[in-house]
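Take a look at the structures below.
One chain, chain A, links the two complexes that follow: it is found with chain B in the first and with chain C in the second.
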Partner chain A sequence: MCQVDEEYNGLLESPVASSATKKCNKCKETTAALVLKPGESLCRGCFKEHFVHKFRAMLGKNRIIFPGEKVLLAVSGGSSSCAMLNQVQEGLGQNAHKKLRFKPGIVYIDEGCLLGQSTEKRQKTMAQINSLFKMTGFPHHIIPLEMVLNLPPSVLEPVHLATDDPAGSYKEAVDHFMQSSPVHSVDPRVDRSELSALTDATNPQLIAEAQTQTLQELFSRVKTLTAKEDLLHTLRRHLLVSTARTEGYSKLMLGENCTRLAVKLLANIALGRGAQLAVDTAFCDPRYGDIVAVKPMRDYTAKEISLYNYMWNVPYVFIPSLETKTADKSSIQRLTESFVVKLQVDFPSTVSTIYRTGEKLQTASVTEDIERAPLKCLFCMCTLDTALGETSAFQATLISEQLSNVGTTPMQASLRPDTQTKCGAPCDQQDGEEHCQAQAVCCSHKGGDSMNLESLLCYSCQQTVKDMTSVEFLPQYIMSEAQRRNRRSQIRHEISEFLLTEDGDSPSIKADS
Partner chain B sequence: MAVILRAELLFDGVKEHHVTLPSQSEPWNMKQLLVWIGQNLLKERPELFVQGDDVRPGILVLINDADWELMGQLDYELQDKDNVVFISTLHGG
Partner chain C sequence: MPIQCSKCTEQRAVLKRPKTGQSLCKECFFIVFEEEIHHTIVSAQLFKPGETVAIGASGGKDSTVLAHVMKVLNERYKYGLNLMLLSVDEGITGYRDDSLETVKRNQEQYDLPLKIVSYEELYGWTMDAIVKQALDRGAKLLNVDKICTGHNADDLAETVLMNVLRGDIARLRRCTSISTSSGGEDVLPRCKPLKYAYEKEIVLYAYFKKLDYFSTECIYSPNAYRGHARAFLKDLESVRPSAIMAVLHSGENLSIKESVKMPVQGTCGRCGYISSQALCKACVLLEGLNRGLPKLGIGKHHRLHEKLLSQQPLSNAEERKLKAVDF
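Our next item is the complex of A and B:
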């Protein structure tokens, strides 16, 4: 203890003395230019090496991205995702040591409608992004958030692929790639045929005014900034996965850095997403089935990325978001961010400690029998955490909510058993949809549908919907998928006593197939 | 004494400022510079940049392209033609 005090005092009293002459910890020759963490200072050259090496190591260590695979980079224009784009560019370059070997595409989602930005402002931003993307030469897609209203309901279902042994097939794939094309280089710049029509989304006609208004109406029905952020995140993810699917990409690269993930980890616990922590913050996110989301930047702190971008002039565009210039306490996410970042100032190992703890969380394996797969949340597509026993904490919250609430809201109307939407007659295949919709309308309590949304959502998504004054503006694909799932579980419930299971016991509710 | 200041958002949209600090008996240090910036350059929401007599957590400061942690942070004494850059690490991702 005494030793630690002495060290600290020394550092505090004579910082100037150690400054100008401090040498890089790695090469010990050049003067240090930045402090990575306490006790580790690097010069510019070593920092660049360290940065590039980390990216390659992250991809190489995880062996998820196969050679020749199409990977979609989700770039928000911010410093992290632009650094990721820059690293991918460098990695694919001809003279790179241990070249990367996949085919990248870029996607940018314009969320200007939520900030009430004028069309001109959005055009301008999209043009800036467009020129940034053009310089990379990769196929790129610039999509307005309004496109989320056009998504098919199938985006909410994970697509199950035949699972091979991943480790074995990676090695085989690499060998095969090396043998088949020793001199052929994967140069995505040449393949113009992959550019889709969406590239020209700077065309104003593509953003219908009505769609913009629908989205704005939806978000104006959300009371808190916390819920808005959560809903936006959900919609954004759906749009990204859908784009990846339609354009034929099999991997999605997200640019979240270590600092942001540490904040996300803590904020998610506060949001009630404790059960999904592993999936939300791990390197690999397999919840969508065919599209695997990866986070190659998760080892970089925000400081490293900002410094790298500054020192090597990596272009990025500042895009305001819902949380820009908001007060510290305006949302759970903002509060957590300010907490972690402030703590980091005095205790520089805060972010890395949280991150290391998060690394220990593991995702459950995806190789499950489809029939026995547990039910997934409608919004976030993670396993439902609400099918718990009588004595669980979740049950307790439900009971206290029922007891303490006097009025009805669209969500609570469905909590009480007598308001279940039960169709009088069993639903046929042909006119089932119309019939149920008619029933839903006449059973409705508060204008909107009293469809049992809550049973389809995980705990934190339920909280988000509870923060909405009305669910009527939710995109069509969500509503129709909710109806479909409700109908199926209804039918299953009705015929449950006639179902035979493999072991002949009373049947349990199985997942949708 | 002349210094060059660079930041993205908060200086009225102007990215780079060449400022001449009024001369005083003791040399200018970073702490005083921050106070001076808060009073003279920040037109809106000063708390997004300066908190107390330190920068807001999440803002990196580079002096002549080197991390200010290596130079003594707030106690660093400014010299003529120093280049000070403020980078926000918080937005974007």
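Our next item is the complex of A and C:
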């Protein structure tokens, strides 16, 4: 970074000096309209070409979206997802080069309830979004976040599909599609009547006031903005995946851009999601099984997108979120964002370096066999990362908590490492409220039942739950699934001595790992 | 109303643990802090009975607390270790003079043998950036089996963040390991018993134990990028104190693609010490000084390594870049 200045001092020309009269670097004819990065000035036409090519190359290269497949675009109304929507629209156009061939639909999730917005305000936002979506002619679903309360517990189980080698079948599918269908067969405007009915069905007027209250109660039990954002992210994902399933989509398209992903990667490290970094930032996220989440915007920087939207008048709306108007230090996610953005000013390669670090990380392999698959987190559905050796940050934290508690002598603590994984501390010995707070939900103290939620969660989701004063308002689908898993592991534990495994592993070890 | 200690429920609590947020009295905090380090040492099997262990002592809070705790635990749990202090005199004026005085006082306070190795003794030059090697080489002179250093949780978390920011995947993979096994004859295994101890708790411990330490930042230490990572980590900690452990947890659980190329650890063609390049950094820096090219070794000069090894002169253009700036 610093070397460029040291070694090539004087060799580099200042990119700012002559930018007004500079010719486009690509076509060398037209006057450049923008400087993408130092030394790369482009004219309007070439910039558009560059932008469009990137999008189609990303989809073409990855070969994940099959021709004729139904793809659900998650659009938040922000600049990045609206640019994605614009690209899909253009790609489906009649005279598009390298035409896209999937059938898109759009989903918007209204989170106004969390900001305490009035029904009128929320309807206004949704009307705005609705008119934006109508212009595209694609089927669209506008869903209030309250719908998350009606989800079935099955959302939390990945659905495994028996698939053969996707790379091989992709080419076949394309050929088949080309032969069987005339060019006009992909008409995104088919399901119009059906969709308007759907939009009415999910009108916020029909959302019971009680549901809004339940959701608000849930979030009022979360003490920190960090945990609120994390929980919202989890619930939103569940709702998106479930919507895709019920509406018959098989892919979910997310508009996260390069800058966003770099921030997310760094924030996830600070949240303890190290084991899941790759799944969270890779192009393809297979954790839900049948619904694959893809991120076609991941190669664009936020700046590129803003420039594109500005130059080509891509409409987008500003919708306030939990983070809006908060201070830098109000949450880990917010702090990371401001840190990365500020560092990017001084070191322009910050975002791309962080982003490329993510590229070098391993995506967890998807195990086809359900019985043998490792246990998944109840919230984020990633492989549990809490079954670690004695020497780990996770164990060290448990030891710390345990040691600082009443009635534990040092020896006891170090002699009973096996009891820690179940629950952070010996809860039965707690009487004062003071230390109960530290592990508020441990064993669902305040929830009333003796359910053990923490053992079903990954490290980071445990941290989120620790920031909650009560879990009683968690949506029913999560609670029922938690009870089911607990029952199952109890049964598995009871019959463990009679179970045989192929490789001779003790079944009890497998159940715990 | 005074808050009671959450552990003994008898004494008045004097501090709130930065790590867990629990309130503890002085005595309970000492016990808890020491026990945690004991747990780290036992669970990671850092030492074997009978070993001679050098504690890297700088006079700073981390190494002072480390020396104290190691001595206490060695006696309490009968590790059977032969402990000693090892210090490096880099010849940095003002900084090292005072801190070495502290180390010398520690030696008397803890009744541990002390060895100070100076750069002049080792290399004939006094300067920074060779600290790690100096420790190893010093330890070798003393027949030591292991070195333990005072790196704490904050240091390691900071390193994880910095390596992500720099995209240094090779360091990212190994920076969280608690001990390094012996890489060759010349390299001693190192370990970090304070790996899971928060910097703030180390300060609290030193404060309540009234330990004697030297508290000036090394004048050579703040590198710009590490400074950013440090500031970011401190902010993270203020938002959510458990974030430091979370970063460590992330660092421990990163899995890196097998296809990513990793630098191979080799040995220096001149001194035989471990180095990922043909020549180790120390030899390049020394060579630069001997050739009158002070900038050699500051930055990357891989292309020149062959020439340096075979004692060939550098071209004029190459020399011009590496000469000291004329004022």
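Convention: the second predicted complex is superposed on the first by the 425 of 513 C-alpha atoms of A that agree within 3 Å, B and C clash if a C-alpha of one lies under 4 Å from a C-alpha of the other, contacts with A are read in each partner's own complex, and residues count from 1 in each chain.
Everything that follows uses one rule, which is that a contact is a pair of C-beta atoms (placed from the backbone, for glycine too) under 8 Å apart; a residue touches a chain by one contact, two chains touch by 3 or more.
Just so it is clear, the model here is predicted, and its values are computed rather than measured.
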item: Touched partner set for A:Val345, first chain B, second chain C, both or neither; value: first
item: Partner chain in contact with A:Ser250 - chain B first, chain C second, else both or neither; value: neither
item: Chain A: partner with more touched residues, chain B or chain C; value: C
item: Which of chain B and chain C A:Thr397 touches, first, second, both or neither; value: second
item: First (chain B), second (chain C), both or neither touched by A:Thr383; value: neither
item: Touched partner set for A:Gln128, first chain B, second chain C, both or neither; value: neither
item: Footprint overlap on chain A, comparing chain B with chain C; value: none
item: Parts of chain A lying in touch with chain B, wherever the complex brings them together; value: 15-16, 18-20, 22, 31-35, 41, 76-82, 255-257, 259-260, 302-303, 305-307, 310-311, 316, 318-319, 321, 324-325, 337-338, 341-342, 344-345
item: In the complex, chain C residues that touch chain A; value: 3-4, 6-9, 17, 19-24, 28, 31-32, 35-36, 38-40, 42-44, 153, 160-161, 164-167, 169, 172, 178, 196, 225, 228, 232, 235-236, 238-240, 242-243, 245-258, 260, 299-300, 321
item: Chain C partner contacts - residues on chain A that touch it in the complex; value: 3, 6-7, 224, 226, 265-266, 268-275, 277-278, 328-332, 335-336, 339, 343, 347, 350, 353-354, 356-357, 360-362, 364, 385, 388-397, 399-401, 403-406, 408, 410, 413-414, 417, 432, 434-435, 438, 459-460, 463
item: List of chain B residues in touch with chain A within their complex; value: 8-9, 45, 48, 57-58, 60, 62, 65-67, 69-73, 75-77, 85, 87-93
